[in-house]
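Each of the next two complexes has chain A plus one other chain: chain B in the first, chain C in the second.
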Partner chain A sequence: MKTPTAIRATAADLPAEGASPPPPRRRSPRGIRRQLPTSPWLFAAPGLLVIGAFILYPFLSTLVNAFTDKRTLIPGEFVGLDNFRELLHDDMFWIGLRNSTLYVLGVVPALVLLPLLLALLVQKHIPGITFFRSAFYTPVVASIVVVGLIWVWMLDDRGLVNAVLEAVGVGKVGFLSDQWLLLFSAMGVTVWKGLGYYMIIYLAALANVPRELHEAAAVDGAGAVRRFLTVTVPAVRSTMVLVGALASVAAFKVFSEVYLMAGPSGGPAGEDTTLVMLVQRVGTGLTGRVGYASAISVVVFVVTVALMLLVLRADRKEDA
Partner chain B sequence: MRISRRALATAAVLATVLPLSACGGSDSGSSDASGKVEGKITFQTWNLKAEFKDYFNGVIADFEKKNPGTEVEWVDRPAEGYADKISADAAGGTLPDVVNVSPDLVAPLAKAGLALDLDKEASEYRKEYLDGAWKSHQIPGTEGTFAFPWYLNTGPVFYNKKLFKDAGLDPEKPPKTYDDVFEAGTEMAKNSKGKVAALANVPAIEDFGRYGVPLMNKEGTGFAFNDAKGVELLTRYKKLYDAEGLDAQALTATPESAGHKFLTQSVAMNPGSALDLANFKKDAPSLYKNIGITDQISSTGKANMYVMGVMVNSQTKQKPAAVAFAHFVTDKTRQMQFAKQVAVFPSTEGSLDDPYFTKQDGTDETKVRIAAAESLKTAENYTPVLFSEQMKVELKNQVAKALQGKQSPKAALDNAVKTCDRLLKQS
Partner chain C sequence: MTTTTTQPAAEQPKRRRTPRVLRITDENGKRVPAWQLVVRYVLLLAVLALMIGPFLWQLSTSLKGPHEDIFSSPPEFLPSEPTLGNFGRVADTIPVWDYAFNSLKVAVANVLTNCVGAALAGYALARMRYRGRKAALLAFILAMLVPVEGIIIAQFTTMRDLGLNNTLIAVLLPGCVSALNVLLMRNAFLNLPQEVEEAAFVDGANVWQRFTRIALPAVKGTLAVVAIFAFMGAWDDFLWPLIVLSDPENFTLTIGLNYLHGTFANDERLVAAGTIIAVLPLIVLFACLQRFFFRGVGEGAVKG
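Presenting the complex of A and B:
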């Protein structure tokens, strides 16, 4: 494809009549090479500026701060690995790491499997199915603060759920006062809110599964469960990996659900604190320890990358 | 290879959702407070615009009229995240010239040299304010006073007469001291078979103060609430918790959730302010019919008070105008006007003797106002100015461990003091 620059260059270089034919020229005149390297950068500049200012700079800044004793209002000094050493002896850090890890273990399998089953249910073309698709997606668009508060009211000692449990003779359950029940309740909210989002991803993947495969399996005598395991699951496996990766990262960085349900102190005696809640607690405010909070952020980053690599590696092994 | 590079890039992007902003430098202030009052200044308030827009526009107009050549730009910030907003402004060098603060916000700003020392720059105004209020913005270990005292607040304890009666307690004799509270709470839990709790909150630093526990050492260099009296208070709370006299969700309660519990009549007592009466009337008429009002629970005879202040940014380029405006907003006339707008109390000398705070008119609102104004004459701010939000969380978590029986009250308070002392040194 010729650019206007290339056309100008060719016209200017036309040989005089009778002159011997010029030697064959390369397809990439020098003019093009001079122009091209800058143009893409100019097009990308606005995006790069935004990424640089709002992602790259804060990220690098966090990395640097992790090795300082910086406070909100006091510039820090380099302290080497002191912040990381302190982490090792900070009980709250280990509680945060435990809870964030538990969150991944509890939430990810549910968010990989349940939306797939939901997608299979609403995939069928039957009258009124659009209503159910929309209904399942509604929690995704709802504000997490509103969702969190609604669940707090429902799970309260005098809330709807406990009223039902008391009515059927089970008695009151301390969903919001027991450290483990509180964490599991928050996991439940995360799964409930995320179902619709991942369901849409699965719906797109299921649309690409050839119907003939199901028909052939049915002809061979495979039942619904068998067809699900041998046709559907292999066909959407790469989507399951994607969902697993996205859900793992989101679960490890959980903040809002736990903060709203367990309160700013992180549940009874802080036992439901997650790592990101800890970052917020120690790093913000006028006396915030920015350096120490940055060190925790770096740990979150490293674990996040490790989780992604783990999921993708598992996927590659399956491919091999 | 392609996938893992993408994965790394994605993870890098995701990890940056936790950015922590860098501190910024700041220019030094340029003028003396005694110079000519002129120029443009910025005034920041704490969640006041929605309710009091006309009042503040009037104050600003009056100031500008009195001081030709001045211009005041008013900005208001929401209550949520107010400290974070000030942090960001202070770190970025964009702190407004005049800022509405509380003592715990002033302390770090003063330590960072961002709060003007009024003892040096505006000492002539000191006599206009109540002595205790003026001192509330002094920081242990730092010379000076760093904000004009503004409005004071204290509040009664509301109690539910019906729940008291149902539990076999005399609704006309509400608890006044912690001894009364522990006795009534245990009785109430026993008689209601654990269905009604006396309180919805675990003890906070103010409770230790009102129980008579020394909160800091005399030098102000360390915390001292782990002494025998503090351990005694926590031990008694543990007994109340075991008897189900504290709400089951007290360990994670916030002031808002505790208020909600009182509104839904699942706890019998809750501290509040005169503002709450209107809410009860509107949101919980059945509670309002049974509402009882009593003094703050205190074993020292003194109530806890909250103090608001108005700080001048030491880096302001319009120091005379900023000091003059901060004083104007907090002077006797303006404070009386503001107190008549909302249920707060002036910190200026003699204002609490105004008939507005002493003369009954038979309404509940006036009864609460007069009782609060009376208690303010001896009240103390039981939250040390150096007690940060993180320290409050540490204390709450250690108290929760003691109540759950995971550690003894003594060990819990020792741990809390140790952590708070460490945070104090690091601040």
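Presenting the complex of A and C:
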């Protein structure tokens, strides 16, 4: 076997890198597996260091900064709830909150339902199905920038979609110029890119649905729609909840699709700005208002957690 | 060895019976009626057009010659004067190959750091006993739950304090050992039978030997998943490099494309060629290593 040696060669460098803060010497209390006393911490050190310095510390400092008037080049002072008071009167914040919320409402139902239907479509092992599954997954693999730019060109005033619409006599539609159409187009792109990802999750869940249930339902004379609602949906419900949770958290934090399609300033008069776009716009640059951007981030945290709890609670209620 | 990974190939969907006469059966061996099959394929082809069509349209645009009307209605699907000239022109407009190389550097480094860091930490969480293990596990779980989009500004100021702003190192660092990967590796190690390692322990193997010779070879499958998603994540990332990189010299490919789009939006052929350059390596990677991609989604979903 040659992989382990290759890995060992790179791994051998690591203790030196991870050793920078000497981990506290702790002896195994149970003494079941005696080892070099520091080695567990040496093993965990690179990972702990990275998530500590670049995830957990920034998270805590975001929480702290939200109560300061810190700017990019100015340390700032504690200002209490001033940032949050300002948020209440900031039209852009409400626009961002509205758009991010609309995004969840628009994208999540589609991403819970459509990939399930798609999974049912590719579930049977008919010839060529592996190809179809892979093809449907391709948008997941592509970068969001690539996907965004592809659709910017597709939906352009002179792009493919409008050329087709014009050829069939519908006429041009300003997908990328109207405030609302822009937001809906971006939602469409999010759904398009996410379909394959959730399809695979559903495929795994569908594989565990006992076939007998379907057969029994069929014997009882249930049609395809009926079987879908009474057998498939209940059997994959927990997966639907999972997909709902994942999709709603991701949708609320949407940035790239709207940024690419509406532009950095968020479409006509900034009306398509989302909350994370606002964080990026307010918080970066030489005059970036780090404190204020952190306050918006805190709102993002709170809503994200609330969304998770809401979805999980909906699950539990159905259980009862 | 009993601990070698299960053959991932076994999970691949198999064709049941290659039909000599068209006779397709479902999982129960029952024959699928022809009309149902036709409906199924029609639907599959319709979805295929929707999912792959935009990529092909982009490819077609990138190959169209300078004198072709790319805005014609009804649209021309195939370039009438196919040319590779647009790819050369992208390179004249932005240093696209440098950007691709930057992306490659970050992606490869991300693969190495994630594989090594996640395997080490995952092993420490799964197999070692020490005080504070629960706390370490909790730290990784919390880190996984933190929405990255909400902490980018603080990550940015952290990088500035470290003097790493506007470097590829800064692009790499925040994700270089992702908490999700650590937890994936921990699960993989937990699923191994403990007896083999205990036997090695009795034979006098120290923890490093047990890790490299017994545990690691047995989780190669999960390691491959970590590697692939680390590569894809770094190659595709947009928001974080957009914030941390300001000097066009250090741009990664995604940021370069955004720049190309913003500055030269008038020439659709150029932008199309740029996106093809960015997406082609990943499509090739995906075509070669599909089974790992699909496994990764399954594992990430169940355990994430």
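The definition used in the following text is that the second predicted complex is superposed on the first by the 274 of 320 C-alpha atoms of A that agree within 3 Å, B and C clash if a C-alpha of one lies under 4 Å from a C-alpha of the other, contacts with A are read in each partner's own complex, and residues count from 1 in each chain.
Rule of thumb we're sticking to: a contact is a pair of C-beta atoms (placed from the backbone, for glycine too) under 8 Å apart; a residue touches a chain by one contact, two chains touch by 3 or more.
Small disclaimer: the values here were computed from a predicted structure and weren't measured.
Participant: Once the shared chain is lined up, is A:253 touching chain B (first), chain C (second), both, or neither of them?
Facilitator: A:253 contacts both chain B and chain C.
Participant: Touch check for A:43: first (chain B), second (chain C), both, or neither?
Facilitator: In the superposition, A:43 touches chain C alone.
Participant: Considering only the touch criterion stated at the top, classify A:166 as touching first (chain B), second (chain C), both, or neither.
Facilitator: second
Participant: Is A:158 touching anything from chain B or chain C once the two structures are fitted on A? First, second, both or neither.
Facilitator: both
Participant: If you tally the residues of chain A touched by each partner, is the higher count for chain B or for chain C?
Facilitator: C
Participant: Touch test for A:61: chain B only (first), chain C only (second), both, or neither?
Facilitator: both
Participant: For A:287, using the defined touch cut-off, is the partner it touches chain B, chain C, both, or neither? Pick first, second, both or neither.
Facilitator: So A:287 only meets chain B here.
Participant: State whether A:267 touches chain B only (first), chain C only (second), both chains, or neither.
Facilitator: first
Participant: Touching A:145, do we find chain B (first), chain C (second), both, or neither?
Facilitator: After superposing on A, A:145 lies in contact with chain C but is clear of chain B.
Participant: So, A:133: does it touch chain B (first), chain C (second), both, or neither?
Facilitator: second
Participant: Which chain A residues contact chain B in one complex and chain C in the other?
Facilitator: Touching chain B in the first complex and chain C in the second, residues 55-56, 58-59, 61-62, 65, 72, 156, 158, 249, 253, 263-264, 276, 279, 283-284, 288, 290, 293-294, 297, 300-301, 304 of chain A appear in both lists.
Participant: Give the list of chain B residues in touch with chain A in this complex.
Facilitator: Against chain A, chain B makes touches at 3-4, 7-8, 10-23, 83-84, 86-87, 90-91, 105, 107-109, 111-112, 114, 247-249, 251-254, 257, 264, 266, 388-390, 393, 396-398, 400-401, 404, 406, 423, 426-427.
Participant: What part of chain A is in contact with chain C in the complex they form?
Facilitator: Where chain A meets chain C, its residues are 1, 3-4, 7-8, 10-11, 14, 18, 26, 28-30, 32-33, 35-36, 39-41, 43-44, 46-48, 50-59, 61-62, 65, 72, 118, 121-122, 124-127, 129-130, 132-139, 141-146, 149-154, 156, 158, 160, 162-164, 166-167, 192, 195-197, 200-201, 204, 211, 215, 242, 246, 249, 253, 255-256, 260, 263-264, 276, 279-280, 283-284, 288, 290, 293-294, 297-298, 300-301, 304.
Participant: Report the residues of chain C in contact with chain A in the complex, numbered from low to high.
Facilitator: 12-16, 18-19, 24, 26-28, 32, 37, 40-41, 43-44, 47-48, 50-52, 54-55, 57-58, 61, 71-75, 112-113, 115-121, 123-125, 128-133, 136, 139-140, 142-143, 146-158, 160, 173-174, 176-177, 179, 182, 201, 206-208, 211-213, 216-217, 220, 223, 232, 235-239, 242-243, 253-254, 257-258, 261-262, 268, 271-272, 274-275, 278-279, 282-283, 285-287, 290, 293-294, 297-298, 301-302
Participant: Which part of chain A faces chain B closely enough to touch in the complex?
Facilitator: It is residues 55-56, 58-59, 61-62, 65, 69-75, 156-158, 174, 176-177, 182, 245, 249, 253, 262-270, 276, 279, 281-290, 293-294, 297, 300-301, 304-305, 308-309, 312, 315-316 of chain A that touch chain B.
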